[in-house]
């Protein structure tokens, strides 16, 4: 297999189709080895710095579980407990310290572009676990892995994105990865929360077939529906929100009315947009995604550390 | 030995005498193996999720030490750092995530019954580390182990409970376990903090011999004295508290006046009810209890994960 | 080699020259073994309690990395999350709990002398990671190791201390260690922040050659310059601060003007007193110090636990 060419994981844009295939392939290997209890020890003696400048329990525990399952160790620090930063230390100086302690770092930060600054400061690999309204590339890779695994591939699929397409960081990152595949995209959102112009232009340039609609029923024709929260505070006109919020609640009956076995995805946490009566339908992939996320991150940790898997 | 029949540890009520004996026996084995440095690796490759929705350093570190000493790994999260919960996530959804990450979970939660909700949500074992005014079964098991180990058994003992018998969660759980043994119970408390009616009825139904008194000197005739804090805020009449607080302070001279070698227990932390001059008497078991607690929890982790010990 | 005679690491004063030499020697061994990946497993099965009653990310992660790289395990608790302490528990009782859980403890505490109280309470080794305006002995040892390693020894060196010599805990501890060596000391600070009388008397008694000056250019004649922050709030007269702050900013041009290859040290975090344009000069040792710190602490953990290295 071709070598993985990246030191850091910073942005969905950095991945070629071949790079993505390597990640998918390695994740599959990790998944198989995990079942046979053969991943333990792959990163023995390695230390991961888990740097969450803003809290995100789901993502933090996913990375820390991944490192622990590989036999590596984790040093961790959360939020305002960065005492040096409260004394005015720059991100550059903090990272120089981390470089001396750890073999690899995962960083979540409220400011866009901070993971790139962190990576530039040091010689160990840096993985972006979400920086402000910027990127969240490992989430996009786990989303892609979920579709690939459960649908047996990506080419030829019709994929709906539902909810807040304007601010949804995970959606933006996933759309960037999907441009390498022959998929059809359906964008379902209120007009106020439509996908930004720049992303639509990129889809056009890429010749990706896509349509936009406000009608949630459009998902009945899709293979995959990726749902995100509609946040009340995003609406200029509150009555507009009141009008829409019910039409964007996906429940069991609605899912069962789909003409395809539409797979339901959600990055979680959810609020009202996805009803709990969907949970035990086979269509509901969102709880299985947590497991895939650990495997994808195990693969990424190994790839960044140039550790042979399998 | 008969198999341990439980998946989860949720409530002292779930234990039969045989179940308790299994825990005591396994703890003894763990204790012996620990001395020979032979516990390391028993839970290699396993991950414990340490979920403290309210903080309890003593209990959290006890479980995390237990898991680490067995060679397992810990992912942990404390209090308001549960970022998803602050975004409105339900306990059910949180646990579905944890199920994908960990092999076993310990949960401390301010609301009674929450550990049962957590256990119902997922397929991995859940251990209740205290839920509100509800149960704290692992504390009760370590209390029982302490008595069993230091007194060579339980049957025939006279055991005093002193202090806040009304709200004392650890006392309630321990009394539930003691109903399986032929012990005599002495309840020493101010009237306002007496053992709730339901617990006294259960003792009567179980034909457990017990007496109630306000006189602290009653402990001089007991084999074991289990002391808890009397919390000022529990009193309706403050002058009543002022009158009582000194009569409920156990000090060295008082312990030495006992007619039996009364063993002094306390779940800690203590405030004024137990004087530090008791600490170096052989009667003082309360610091040794911390060590027993680690061994009991090591045994429970192995039992829940169906791991052969010894 | 002579045996290391200490159980606890509490104060720079406890070290004889021979003790220091043992630490330097063991650190060198750890450094060499680390390069060959041969430190893993030295503390397998051991548990470090990382007790930070006030936060200090740099020091905490340094110790936790050290323990993890040796194959040991860490239980950790930070700041106000000590729930028992918020319930009024004494440091003595907290340490009795820790003694039952861990094999060794590192403690950072806002009150001077608290690490000594902690050590007196228990039988496991305690390492002081800074207690109030008191000591920070492991920082002093890593500072000493840095000079020794980069300059090939200590005797005969001329070492400048710059900045807040009055309140700088790391400087006080390092000066205590340097009395065992034949060094010349240059104290550069505003008069208001001069080294306290007691330290100057100790230098005189020890016949250590030293001079005091306000002129930053004095460092041009030194082999080593140890810089610390000048904290605005320390000044009685604010205009005095405004006048001085620029004269105490070390930048690239200033370092390059030195007549010796002056090595620049800083305990970090820095604010304005040390310019980032110094960072890529070979003189800048301050980022390399973080790595040395991990090695020094690995050596100390092994020495306190009487673990054979190499």
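Labels A, B and C are assigned to the chains in the order they are written; within every chain, residues are numbered from 1.
Going forward, a residue touches a chain if its C-beta (ideal position, glycine included) is under 8 Å from a C-beta of that chain, and two chains touch if they have at least 3 such contacts.
Bear in mind the structure is a predicted one, so any value in this text is a computation, not a measurement.
Enquirer: If you fit subunit A onto subunit B using the CA atoms, what's the rotation angle, as a multiple of 5 degrees?
Expert: The rotation relating subunit A to subunit B comes to 120 degrees.
Enquirer: Same or different: at the subunit B/subunit C interface, is the fraction of residue numbers used by both copies above or below half?
Expert: Comparing the two copies, subunit B and subunit C contact each other through largely different residue numbers, since under half are shared.
Enquirer: Per the centroid of Cα atoms for each chain, what is the distance between subunit B and subunit C, given in Å?
Expert: Those two chain centres are 41 Å apart.
Enquirer: Name the residues of subunit C that each touch 2 or more other chains.
Expert: none
Enquirer: For the complex, give me every residue of subunit B touching subunit C.
Expert: 37, 40, 54-58, 60-62, 64-65, 68-69, 71, 78-79, 268-271, 276, 287-288, 290-291, 293-294
Enquirer: Taking the complex as given, what residues does subunit C use to touch subunit B?
Expert: My answer: residues 44-45, 47, 49, 73, 75, 77, 81-85, 87-89, 92-93, 96-102.
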